[in-house]
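One structure, pasted below without further comment.
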C-alpha cells in the first residue's frame, strides 16, 4: 500500500500551530495539518449558564464552522440556511465535551470559556485539528487570568487524531480528505497527556471492522497523539507546561 | 458494589420486543428495556435522495424523538421550539449510520427506508434500544418487499448496548438513567451478528478512562449484544433469520 | 346506509382508557377508540406565565403531536421541518381552551398544568380523543396536589366527540378516518357533565349543511358524550368523582 | 342591558364595503364594520399545488395578518418574530375553508386564488369581516376571468358574523372588541345565500353555555348574515349577482 | 425626454398626507404620492433596550412591510416564509437611522418609539415616502407626551425623496415604479429642514454614473425635499412647527 | 487634529492583498488593511437563478460574515442564532450589487459567481475591504474560464473605501474601528477605474452633514480609490489588466 502523499501508515501529516493569530480573543491560534487549516480562538466571559449560577464553578462551550470556501466544492453557508446542520452540531458538542474533561471548573470560577473553531481550509481531520489547536488557544487564554493562589484551570494536556482502515484494508493514521472519503472505517481518538482516553469514536459505515483492526488503529492513534502533545508543550513554553495539572 | 436494581455488573435489564405495534408502517415494534420504551417504525418509500437518483441503489434515514412526557422532568417539545437540538441530531445520525452499515442498498433498489424511533419512556439507553428495536422493524418492513431473485437487503444482524464506569469506578453493562447520570465514563457499542464493530463511542467527560477499563467495557458489551441478537433471531423467526445475509 | 365497520349511525367505536401509562408525569393515560390511540399526559409545574404572575391564579396549556408513523402514509416530523403546522396549532389551542373552561384556577394557585397529547395511531377523531383522555390525565394529576381545604381545581366533567354527514347524506357519530375523509360535513362537540356546550366546531367544506342536519348531529353528539363521561367516572373512581365540582 | 354603543342586541354595527381599493390585485375591497377595517384582496395565479396537478380543478388559499398598528396596544410583527402564531394560522385556515365551500373548482380550472386579508384596524370581528369582504373581492376577481361557456366559479353567496353571550348573560350580535373581551361565550357563524351553514364555531372558554342560549345566538346570526348578503348583492351589481350559482 | 406621466424632470408626483388615519397609535398617517400609499404609525412605549437602561435617554426603531397585495405581482408574505428578506431589513434600518438623527433622546427620556411603515400600494419610492410620512406621525405622537419644561424631542424637520438617471440618460426626480425599474442609476436622499444631509444612497447597478450627473441629481433632490418639508409644516400646524427644534 | 495612528487625514492604512490564499476556490485572496483582514473567495458554478434561465446571461451573488472571534468583543455566531442580521444582509447586498455593476453577464454566459467575504479580523472598513479584495478574487476566478473569442466578463476595475467626519469635525479617509465608532458621519464610496460612481452611501446618524463636508469626503475617497486600483493592477499583472474592459 502506498498512501497518496507517500506517508507511512503510522505517519502524521506536517503540522504547525501559530499562536497570537488574531488580535482580539484571549487565545487564538492557527493550526495547519497538511492542507487543513483551522483558526481556534478562546474567549473568556464573566458569568455562567443558569444551571451553574451560584455554584462557584465555570463552564466551557465550543462552536465550529466551515467557511463556505474551505471545501473542495463550496458548502452552503449555515447562517443563510438558518440552521446548523447535524454534522456541525455533533462536532461542536464533541469539541466542548473533550475540552471540559480536562478543565478544573472550580479553579475557573463563575466564568464561561467560548471556543470558536473556524475551518478556513478542509482536507480531512478538521475536528481533531480543532481539538488539538483549541487546547493551545485555551491554555493561552487561561494564562491571562491566572491566579497563582489557585490551581491552573487545566488539569492535563489533550490532543486528538483520526485513524482509519484504508480502502486496501490497512490501518492508517491521520487521514486526508481523499483517504477519508474512501476509507471503510474511521475513528477519532482523543487522549490526555497521561495517556488516558477522553473520547473514542469509531464507525464502520461502509463495513464493520474487527477487534484486530481496532487494536492496531488504537496503537497508531496513541503514537500520533504523543507527537502532538509533545509539540503543544514546545510551543506553549515551559512556564505554561509547568502550570498545567499542578496544584499550588 | 451493588447496582441500584441489584443486577450483576454484566447483566442486561429485562427486555422485550413487541412486533406489529402500529397498524400503518411496514414494520413497527415496541422495545422495552427496563423502564425505557421506544416505538421503532420502518417505512419504505419509492425514490431516493437526489445524490443517488439513477444509481439503482437505495438509502435509509432515521429520525429520533422523545415525547415530552417521556422524561423524569418534562422536556420541551422540539417542534414548538422550532428546531431539533444537537443531542437529537447526533442520535438520529448514529441510528441511520449504523443501520446503513448492514444494508445491501443494491438489493433494495431505488427506495428509501425511513426509521422513526419515538421514545415514550426514557430511563437510560434510549439510543441503543432504538438501534436494537429499529433493526427488527427494518427486517419486518423489508420482508414485505422481499424479492426471492435478489439478496435480502440486510447483510447481517445488529444490536447495540451501553456500558460505562460507575461512580464506584467499576465497569457496568446497560446503564439505567440514574447510573448514567453519575457514571464517570460511558460508551455505546454497536456490533453485528458476526461480532464485528459498527460503532464505538466512548466518552470520559467527567474523567478520562484507562485502557484496562476500556477492555473490560468492550467485553461486557459483547456479552450483552450476543444476548440481544439471539433474542432478535427468536422473535423474527427462522424464515427471516435464514434470509438475512444469504445470497440467492 | 351501512357503516364501514357495521356500527349504527349513533354508535361509538369501542373505546378504552388505560391509566398510569407512563411512569414520570403526574397523570398519564392511553386512550384507544377504534384504531385511534393517544397518550395523554398531565404535568404540573410551579409558576405561571408572566401575565398571571402575582394574581394567585393558575394556567393550563396543551400541546399535540402525531408520531410520523401514526398515519396511513407517514407524516413528516414537525421538529425537522422547523415549525408546527396550522392544523397542529389549531388542535392544541382547542384542547387547551376546552380544559381551561372546567378548571378552577383560583383553587389551583400559581401553578401551570401542561397537557401533552401524542397520537401514536390515527384513525380519525384524534382531537376529540385527546380531550376525553386528557381530562382523565388531568384529574389524576390534580389529585396528586389535592388540598382538602380548597375546592378541587376541576369544576365539572368534560368529554368530546365528532359527528358528521356521511357521503350518503346521513348524520353519523364518531367518524373513523375513512368516513371522515369522505364526509360532506363534520363537527367536533365538547360538552360538560352538566350537558352544557364548551365548544361546537362544524364545517361544511365540501357542502354547506342544513339546520335539520345540524340538530340531528347535536343529538348524536350528546348521546356519545354521555357514554364517555359515564366511562370517565367509572375509571376515575368514586373518590375523585365525588371531589370534582364540590366545594369544601 | 345596554350595549356600549347603544345598539340593540340583534343589531349589526354600521358597515361598508369599498370596491377597487387597491390598484394591482384582480379584486380588492376595504370592508369597514364599526371601527374594524380590513383590506381584502384576491389574486388569481396560473397553476395549482402539486396534489391537484393534472386534475383540471383549481384551488384557493387565504392569508391573514394584523398590521402591528391595528390594535389597541401594538402587536409584534410576525415577520420579525419569524413565524405566524397559532391564532393567525387558525384564522387563515378558516377563511380559506369557508371560501372553498362555495367555489366550483372545476369551473375555475387549474388556477389558484390567493386571498389576502390585512387588518388595518381591529375592533372585534376581524375574521368574520375578512370572510364577508373577501367574498366580494373574490367575486370581482373571478369576473375578470369569466368564461360564458362555463359556470361562474362561485356557487352561492356567503357572509359571516359573530354572536356571543354578554357579561350580563344576554345573547348579542356582532361584538366589538370590548364586548368580545368580556363575553362569557362567543361564536362565529358562516352561512350561504341559501341559508345553509358553512361553519359554526362556538366556544365557552369562560363558561359553558346552554342549548337555549345557543339557539338564540343562531337566530341572531342568521338575521345579521341576511343583511350582509343583501348588501353584498347591492354592491356587486345585478350582472354579477345573476352569474353566481347559475349554470350556463 | 417625456416622462411616462408627463411630469417635468424635476417635478414631484402629487402627494398628500392624511393625519389620524388609525384610531389606536399615538401618531398615524396615510401618505400618498402618486400611486404609492403607505400607512405610517408611531407608538411610544415605556422602557428602552438593555444597552440604554439607566442612561436616561430614549430610542427609536422602525419596521417596514409591504402588503402582499401592494405590488404589481403579488409578493409572498414574509411572515409565512419565516423571515424578513434583505431588502426589508435594509429599508427599516434606513428609516430608523434617519429618524434617530433628528431626535433628542435626552428630551425623550427612557422611552422607545416604534415606527411602523406598512405599504398598501407600491408604485416606487416607498422607502422615501415612509420616511416623509413617518416624520409626521412621529411629530404627532411626540406631541401627546410633550413636557413644556423640556425641549421637544425633535430637533429639526426631515423628508426624503428619490432621484435617478432615466433610461434616456437624463436626471429625474421622484421615480415611479416603471421609471425606477428601467433607470440606470438611482439615489435616495434624506435631508433636514436646515438643508443638511442625513443620508445619501446612490447606486449605479446597471451603469456607473458621473460626477456631473450626481450633482444634478442632488440639486433636484434638494428642490423636492424643500416642497415636502414645506407641506409637512402646513399639515402639522404652527403650534407643532414652533416647537420642533426650540429649546424651552 | 491627530489621528489615532498618526496618519494624515487623507492617508490610507497600510494594505496588502495576498493571492491564492485558499486551495479550492477558483479565486481566493486575503486582503489586509490596517488590522482588518478579510478572506475573499470567488466560486464559479454552472447554471443561473430561475429568473435568468434560458437568457444566456449569468449572475453574481455575494455572502459576508464575521468570524465570532474577529471583533473586539466576541460576536454571536449567526448560524447558531438561526438568521443573518440586518447589517450582514445589507453588506452582502451591497457587495453583490457593486460587483455586478462591472460584470459583463453576456460574456459570462449561464454561470453564477458566488463571492464569499469572511472577515477574520475587524478593525473598521470591512465592507469596503471586502469589495476591493473580492474584485481581485473575481478577476482571478474569471481568468480560469477565459474564452479569447468573447470579451473578458469584467468591464472595468473597481475599489471601495470609507470616509467620514471625525469627532473633531474633520473629514478623514479610511476610518479604523475607533475612528468609526466616534465619527459624526461616515460614507462608503465605490468607484470604477474610469472614475465613475458605483455606490455612494453616506449617513449622518449622529449629526447631519453639510454640502461642503460632503465634497471634501468625496475628494478624499477618490484619492484613496486611485491608490487601491493602482495596487490591484500591480498584483493582477499586465496580462489580466490588459483583458479587463477590452473587447476581442
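Per-chain numbering from 1; labels A, B, C, D, E and F assigned in written order.
Here, contacts are C-beta pairs under 8 Å (C-beta built on N, C-alpha and C of every residue); 3 or more make two chains touch, one makes a residue touch a chain.
Here's who's who by UniProt: A, B, C, D, E, F = Ribonuclease PH.
Just so you know, these numbers come straight off a predicted model, no measurement behind them.
Counted as hops between touching chains, the shortest connection from chain A (Ribonuclease PH) to chain D (Ribonuclease PH) is 3.
Considering the contact criterion stated above, the chains in touch with chain C (Ribonuclease PH) and with chain E (Ribonuclease PH) alike are D.
Put simply, the C-alpha centre of chain A (Ribonuclease PH) and that of chain F (Ribonuclease PH) have 34 angstrom between them.
Chain C (Ribonuclease PH) and chain D (Ribonuclease PH) have Cα centroids separated by 28 Å.
Distance between chain D (Ribonuclease PH) and chain F (Ribonuclease PH), defined via averaged C-alpha coordinates, is recorded as 51 Å. Chain D (Ribonuclease PH) has residues 82-83 in contact with two or more other chains. Following the touch contacts around the ring from chain E (Ribonuclease PH) toward chain F (Ribonuclease PH) yields the chain order E, F, A, B, C, D.
Within the complex formed with chain E (Ribonuclease PH), the chain D (Ribonuclease PH) residues making contact are 22-25, 28, 35, 39, 41, 43, 45, 63, 65, 67-74, 77-80, 82-84, 88, 114, 116, 118, 120-121, 123. The touching residues of chain B (Ribonuclease PH), counted against chain A (Ribonuclease PH) in their complex, run 83, 85-87, 89-90, 92-93, 97, 100-102, 156, 187, 191-192, 194, 196-211, 214.
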